[in-house]
Amino acid sequence: MRTRIAYIASNTFREAVRDRVLYNLIAFALLLSGAAIFVGQISIEIEKLVVINLGLTAVSLFGIVIAIFIGIGLVSKEIEKRTLYTVLSRPVRRWEFIVGKFFGLAGTLVVNTFFMAIGVFAALFYVSHKFVRADALILVALYFIVLEFQIICSLTLLFSSFSSPLLSAVFAFSLFVIGSFAEDLRNFASMAHGFSRWLATGAAYLVPNFSAFNVITSIAHEQPVAGQLILQNTLYALFYATMALSGAVLIFERRDLK
Amino acid sequence: MKPRQKTTMVASACLILSLAASSFLLHRIDRLRPQGAADDALFLSSPKVIQRASLGYDGLMACIYWTRAVQYFGFRHHYFATSYNQLAPLLEITTHLDPHLMVAYEFGTSFLAPKPPHGAGEPERAIELLQYGIQQNPDSWKLYYDLGFVYYMELHDYKKAAETFERGSHVPNAHPFLKVLAAQMAQHAGEYETARMLWSATYQTAQDAQIKENAVEHLRALRVDEDVEHLQQAVTRFGERTGRLPASIAELASAEGLSGAPVDPDGHAYKLTPEGRVEIRVPDDFPFASKGLPPGYKPAPKYHQLQ
Amino acid sequence: MPAIEILGLEKTYSVGFWRKRLKLALHPLSLTVEDGEIFGFLGPNGAGKTTTLKLLMGLVFPSAGSARILGREWTDPSVKAQIGFLPEQPYFYDYLTAHELLEYYGQLSGVPAKQRKQRVEHVLDQVGLRDVQGVQLRKFSKGMLQRVGIGQAILHDPKIVFFDEPMSGLDPIGRREVRDLMSQLKSEGKTVFFSTHILSDAETLCDRVAIIHKGELRGVGAVEDLTSSVQGTVEVIWHGSQVPASIKALGAGCHVTGDRVRATINESQQDAIIDALRRERLRLIAITPVRTSLEAYFVEKLRRAETTAGSTK
């Protein structure tokens, strides 16, 4: 079972790596980090700030695009092209397929983030000619970005387990936007009354909370991140991804592959 | 059990457990960074940048920043915070995103100008905000009213207040009391009368519940202040007449020909200390009262004080 | 022990978005396939052949009924290691090479790592794919993909293979090769269950066939039993644009297309028509026995189904 998940994951990874779109996106992200150097030069004194802000934002945004772009096709494309038939007619359980796909996609994103992060650090080194201790905070921001990717991956899998690629992409992207304002959503909910308050609070707790993962701006200002936040964000991402994956498994187990 | 049923059961259990765990963690993360969303304003305080970043969805972003401002203030006020340094940027961002969001200006008037813990203690920024608001909405008499209010209440600048009320009274459809206010400012008419009028007007015209509540608190405190002042004068009169202090508030009341002991807005009788000072029973219930407080009184912090 | 036992398997789909209607895709189907036989599953397009195969593969879930494969419940995961499946018009991960694809499927089927490489080579050779090392499947032709598909189905040396339309997309040589392969699988002791709408394929290969139409089983039996009552005919093709009177007199049904004439005639008249052509100095192109026997049975079955359906209306 574990080995089959690993085989599916590594095949998923291989699929992503052989996709030309991936390279275009990574190249674009690196380009943006590089461009930060020139933008920074225009505004003196905040060179480093611009490089960190723009670089990390590029990593995050392009990662999200990659996650959604690849994630939506993982299940629905296999159904559409009927490649899934030859997989599921083997001793592969449907949940193993979902979990394997998740790890493959998550792994792809970790590797992508690694390469994009090198680009950010290179740009940073170019402008400041040295690394200081505070730069280690960038690693925390990158770690949070990776956690964010795990949640996005699980959500795209959830959506693609029951809907078409295009709809899945729309759903996943909307949830990403809504999730970025999750704290505000909970604020709205706490201002409502009665039944609608329960409804709004429920919804606010169900959407992924990306607000707490976005520490790019505060890191650019060398604000430290609490160790507690790192721990709790990690656990949160873990549980949220598990939840979405369980949902995906429950739906996929029941689905007729017409 | 069939393998598929087993998978269903395990997945359902995982779903429920992880939903519970993630909600619990979310709750803790929120407590860990109570002002998470508002923190942005610390670094991204340029309204122009935010306006561009909102990609044309200014109205929505204004609403978001407006709730952030309200939540930020409400949360900190609840804990008797001693500073509200992000309130001004949050309101400035809100009004830049949507210059016609009147409630934001009102909020600024009520909570930006007063001193902590009741406000941010930044009357200058409140004035700036209102002047910007007037520039954007020259036809809104309410903004003139708010600006005059800040001049009068916080800065005690009667001249500027009178000017502002006067200018506001020329706006089409302006409320008639602006003219009255302008006149009262000019003649420094009875302080209580003016203050009561201002707070009542605020109460009647405000859209936001928090602002209304604030106005009510001020009106209650005004009545307490006025009562205590009158009673204290009665104590003095009593002393002059009898050569001693009244033994109780009841004695004072009967000497003044009042029916029964005088009570505060909550229905509690005022009390008379052996030294002859008139005091309120529960000072914590009147956060804005300036008279009738025990010597050295400080409001009890509810939980812990935020910096 | 029968290889496959289908016990009242039934499938209804609900169609429509707002107002759900039930569509019966497969009437309760019961069928037994014996160990070691080549079993043909015949029917026109849309008859329910693919639905049946998907039900057996666990890709769709039945509304009712069950099945046993190799004596075990068909949903039992251990059954899956013993079966191979070729879907209709297979399409594979086009970023992989044939070797990589088969390697991956070998991993999933639990073929031990040591034997995998050798199995892959062997199977590729068996399906006639040589010199495809390093070529991604996106560059494969339809026929080559079909071969890869057959390869993946037999890769893990399964006891039963399920082929959905294995001949489609293949050229005549390819079809022959697949037919030979199926016979070879049978000689290795495997059970072959395949669906087709091409009758001649079934006729030459199958020990037994089942005929399905509109989701309903119309007949099952050995090919000889089904065809014995019908006599053979031949198709004669020659160069020309007219049908000589002497040939018409033989009672041949003729069609002229361009410069070719096709005539179908009873087998007993075969020599007579050749003589006639020779006399008329017409150039003979081909004489092929029309294996209409199974087809005739098939057509008759379908026609009867239509009329009963019509009469109940």
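First chain written, first letter: the chains are A, B and C, and each begins at residue 1.
What we mean here is this: a contact is a pair of C-beta atoms (placed from the backbone, for glycine too) under 8 Å apart; a residue touches a chain by one contact, two chains touch by 3 or more.
What you are looking at is a predicted structure, and each value in this text was computed from that prediction instead of being measured.
Student: With centres defined from CA atoms, tell me which chain sits nearest the overall protein centre.
Tutor: A
Student: Comparing centres built from CA atoms, which chain ends up most distant from subunit C?
Tutor: Result for the farthest chain: B.
Student: Give the chain pair, either A-B or B-C, that is connected by more C-beta contacts.
Tutor: By the number of C-beta pairs in contact, the winner is A-B.
Student: Taking each chain's centre as the mean position of its Cα atoms, how many Å separate subunit A from subunit C?
Tutor: Subunit A and subunit C have C-alpha centres separated by 46 Å.
Student: Centre to centre, by mean C-alpha position, how many angstrom separate subunit B and subunit C?
Tutor: The computed centroid separation for subunit B versus subunit C comes out at 82 Å.
Student: Calculate how many whole Å lie between the centre of subunit A and the centre of subunit B, each centre taken as the average of the chain's C-alpha atoms.
Tutor: Each chain reduced to its C-alpha mean, subunit A and subunit B end up 42 Å apart.
Student: Touching two or more other chains, which residues of subunit A qualify?
Tutor: 93
Student: Which residues does subunit C have that touch at least 2 chains other than itself?
Tutor: 77
Student: Note the residues in subunit B that touch 2 or more other chains, in rising order.
Tutor: 3-4
Student: Contact residues on subunit C for subunit A in the complex?
Tutor: Residue list for subunit C touching subunit A: 13, 54, 57-61, 77-78, 80-81, 83-93, 95-96, 100, 104-105, 107-110, 149, 152-153, 156, 162.
Student: Mind listing the subunit A positions that touch subunit B in their complex?
Tutor: Touch residues, subunit A against subunit B: 93-95, 181, 183-184, 186-188, 190-191, 205, 209, 211-212, 217-218, 220-221, 226, 228-229, 232-233, 235-236, 239-240, 242-243, 245-247, 249-250, 253.
Student: Spell out the part of subunit C that touches subunit B in their complex, as residue ranges.
Tutor: My answer: residues 75-77.
Student: Quick check: in the complex, which residue numbers of subunit B touch subunit A?
Tutor: That would be residues 3-4, 7-8, 11-12, 14-15, 18-19, 21-23, 25-26, 28-30, 32-33, 36-37, 39-40, 42-44, 64, 67-68, 70-71 of subunit B.
Student: Subunit C touches which residues of subunit A in the complex?
Tutor: 3-4, 7-8, 11, 14-15, 18-19, 81-93, 254, 256-258
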